[in-house]
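Following this line, the structures themselves.
Both of the next two complexes hold chain A, though its partner changes from chain B to chain C.
Here is the complex of A and B:
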């Protein structure tokens, strides 16, 4: 109970508190370090990559890891390490930006629908249902036909589907807490609906939001490879983790390293995200033990 | 019959070992009623649960002691042996009859299950016993109602079913854990009489766990007072109430409110009246139907109520659950929308305000809620919770908000050092102080307090009531005080209105109403208060 004499004058906000608690969580910190490492590599790739991502060596063909090619080469003789590094740029960007878009729209949409309730809620959630019912593949093909292929469209397409589930989760959570007395107390204090949603409701549904976010990022990364296959997003010879993994599965009996290494990169990201997510969830809940 | 010696129960948690029950000894003979009284956390329930192996182990652990029941030590029994005793020789009644009955099982099946578990009888015989048991606890039309599900019974009826279930196996010892705490006063009086009668006719031994000294006085021959896991005092009921020797017992007894309001009324009559409610109606339409919604019924929460509160007055609103007293408070706060009527605060009708006007004028009327555990945002520190209303209404700037919050903390008797703590780090009483501080932060003219002390222990309750009295004087507050507890209302309020089924039954100055209630319903309410 030494927080009695910590700095009463300045005090700590919830986010500062959370950061202090997060730092004590070893697994979360390891996860954070791995993520930062991956992001740093992705940013520095053009400077540090040993080869170019499209440079082929057809004579060499697929080779297992060696001195010259640490993670081996693919069937066209392209350096696997380089391709994974370039791939991380696309995959992490898609993963984080598309998830951020989904998060922003989904949380605000869900919280607003849940809090206002009644007719507004019914209309907002029917819109979500309608979008859910749209066949995703057809939606994507339509987009590509009309707008052609671009990264921006990729974010848009992924964002357009991923926020739906988030909105439903947040709405459900908000429905359960909006009848609690502290929300009514906020109403009686004269807070506007917007202030209540942002100050009282969203902070109290952070737990499920964070958990779902950490699950969304890897699924978005894999979704990208599917979209690229349909022609939206990146095109060969550019690489992404998703396309490397799907390429690797085709040749996994002959050249397993083509599947193992990109798969490893994705799994490590996923684990780090999960540990960080769990850590954040606990850190943001003042009721979790503080010893 | 039951002899407990030196019982010690501990809980091993991450933060160290907590002693829940320490060195508890008592004896109980057939036909006796032992009342165990204490505040929450005193270990009174844990002690009884551990006798029957009903505490989770680990983290719980019975460190030492013995409990001889009919020449067998309960604490040395394994689970299979205990199961033969539980629900057979020793039965229990719990506080909340809704959660202790299985909502998916017919009442008759639940009763028959416990009969057949312990007696080798046919289904027909078991059903007959179930009918007899329900008859005995005073359920009407048993033949029809026996096939109902628990939710089809009212709270008091459900508790009767629980009692029938506890007694159907013909136990020798009955453990009743706060069996009437969740019930209305008039229902509580009926259930207590029922338990008392059954105890006499069957010559049962009963352990009656309660926080309510009045109930204990009415039920028990012997009383055992517990505090923080230890026995403070034990003796016959008369000894404990007439000549308590320990300071804690005296404190508990003095916290029971039997007196009238200690200070004079500060009410002043103004024109227009401070708060005037005219023909207020708050209805809740109930919709049904599979495809097309249609109106099936209307629940009349507040049904045509008119009343006036003068400036500086504390008006009590009493009634049982479902009487509409909370709906009245919430309608005035505009947390629910009234159907029709006027709510005139200093002559202005709150019902005509636009959303924006309402948000701005809300600083004039504030609310204190019942449950201090739910009414504070768990992710806001005390500082944030108290600073929020001040900053939003522009009553403080970023520079002087800390000073103002500190002042509020002083006002409600909270230590300034706790300002950066979160609600879960406080006790129930302290949390209610935070909630009160938040309500008075905006210097409101009117405070609506909805059962603000019902969730608190008796000694804490007395402190909070004293605080409310002091604050209303200091800040010249007007208060609408909603409560089901007649003694609390008598202590605090200048004037009282009695509500039943959404309607106003009786109205009058507090002492007048208590001395000479005119309406039958008011008389019933007053008669149902357990007395020391």
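Here is the complex of A and C:
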């Protein structure tokens, strides 16, 4: 009761309110911590990696975790910890950049369709519906087969797939707020549709956009690892979590740690991003939460 | 109702045309012809091969020819295995893939619904947290991590289940189906929990409780029908994910299915096979989306009225 009074006296903005709610969510905070840990590792890898990712030591071969090699070495004597660290750079970079691509296309597409409405909206959303029906994973495989698997292509291809849901969410939100008075005021003042969309509509749907972005990153990371696992993504000697897991699967009978550690790194990252996304959803949009 | 189905079928035709055109353009814009990597082939032979497969015709004519043979159910010859047609390969690979997808869906539905309904009956209790946390692990652990781990534990260390194959040894279908279905079981658990919670808070459920009906009767007769509609609308798109997941699972467990053929075709640059499979997959996805939509309308009286009201 006391706490409530203090809140009323100070007055909290909606953002502060959301932040307080997020901080109370233990799983989301654990997720955030794990995520920051992985991002820090990914950024610092070139400085703190104990070995080089392609440095082989054929005499050593595969060894189980030891003092020199905390997570063991692979068949070619390469340090597993170093390779997982370099893998985190690939996975997180793909996750963030491809999500940014998806974000840009999806938000602009959805906001434009929702704001203009009418026939433009119908056509734009019909295109989204049609694209939804396409087998996209298969198309990405097709793209990597045809044009080779470059990093840039992976970013673009994955980003181009993931924008659809974003467009739908943003459109729905814009439809509900565009009837409100401040938008009408902006129209009366003679602002161009572009100005209204970028300055008034998008800032007001930021909540759902942030939530969905956090939930898109893990699915993008998953897609990259999936391709690398099949051997169609990141090519050796570079390492990505997917290719490490794929390598670990081949030798798991003799050297299970080569499968377990990269698998653990990937699962932990997905785990933390999902929990953070769920927490953000509960904090930013209490109506949409599950409980 | 029939009109609705007819309309949905007509709507999927442009999608399928789009898929075939896009695939055709992508495959044809690939650098190098399909016979380029065969070394020591004299130019005359390549010329002859190109003529045999009509690769010298203008592109639009090739596309129309391809479309025409597709309409006759002919996917053309495989460029890699020249004694086989793509039809042969699809016919050989489709049954295991479909069977795998079926068992995986069955597993996902049974475990997902049990977990979701159990959790929804006592929200924010242990009965809720345990299944939902398990579901979160299922979502976060990708099939290509879960599969090898299950293989390692149950196949190699405990030796309870066979490690590879499909339909040769008893029990060799269990691990692949569980691997593929786990993530979907988790999603279904979450979705059905949400759906059930919403329905259970409705007035007519309170009325049913007030009438003194047993919990079992309320859940299975009154709530379930509305509570699982979100699950059904999830199932249609999930099939697309299941098919993509079969690529990984079939590779891990060495199942001779369509997904494995597709990945092999991707490595071999077997263009007709890639093209045929892509279009075949798209066709499957369109059909399953259609089925899910029809089922949704059948189960939901409100939608049913809307559909027949449009007549």
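Simple rule for what comes next: the second predicted complex is superposed on the first by the 167 of 291 C-alpha atoms of A that agree within 3 Å, B and C clash if a C-alpha of one lies under 4 Å from a C-alpha of the other, contacts with A are read in each partner's own complex, and residues count from 1 in each chain.
Quick note on the criterion: a residue touches a chain if its C-beta (ideal position, glycine included) is under 8 Å from a C-beta of that chain, and two chains touch if they have at least 3 such contacts.
Model, not experiment: these values are computed from the prediction.
Peer 1: Classify the contacts of A:185 with the two partner chains as first (chain B alone), second (chain C alone), both, or neither.
Peer 2: first
Peer 1: Just chain B (first), just chain C (second), both, or neither: which does A:88 touch?
Peer 2: Neither partner.
Peer 1: Touch test for A:274: chain B only (first), chain C only (second), both, or neither?
Peer 2: In the superposition, A:274 contacts chain C only.
Peer 1: Touch test for A:173: chain B only (first), chain C only (second), both, or neither?
Peer 2: Once the two structures are laid over each other on A, A:173 reaches no partner at all.
Peer 1: In the overlaid three-chain picture, which partner chain does A:225 touch, first (chain B) or second (chain C), both, or neither?
Peer 2: second
Peer 1: In the three-chain superposition, say which chain, chain B or chain C, touches more residues of chain A.
Peer 2: Touching more residues of chain A than the other partner does is C.
Peer 1: Could you look at A:204 and tell me whether it touches chain B, chain C, both or neither (first, second, both, neither)?
Peer 2: After superposing on A, A:204 lies in contact with chain B but is clear of chain C.
Peer 1: Where on chain A do the contacts from chain B and from chain C line up?
Peer 2: 291
Peer 1: Contact residues on chain B for chain A in the complex?
Peer 2: 14-15, 333, 335, 358-363, 365-367, 369-371, 374-381, 383-384, 388-389, 392-393, 402, 416-422, 424, 435, 438, 442
Peer 1: What residues on chain C touch chain A, complex-wise?
Peer 2: The contact residues of chain C facing chain A are 12, 14-15, 18-19, 22-23, 26-27, 29-31, 123-124, 136-137, 139-142, 144-145, 148-149, 151-152, 156, 190, 193-194, 197, 237, 240-241, 243-244, 247-248, 251-252, 262-263, 266-267, 269, 274, 277-278, 281-282, 285-286, 289.
Peer 1: Once bound in the complex, which stretches of chain A touch chain C?
Peer 2: Within the complex, chain A contacts chain C at residues 130, 132-135, 137-139, 141-147, 218, 222, 225-226, 229-232, 242, 245-246, 248-249, 252-253, 256, 259-260, 263, 266-267, 270-271, 274-275, 290-291.
Peer 1: Tell me, which parts of chain A touch chain B in their complex?
Peer 2: Going through chain A, the ones touching chain B are 3-6, 8-9, 11-14, 180-182, 184-192, 195, 199-200, 203-204, 284-287, 289, 291.
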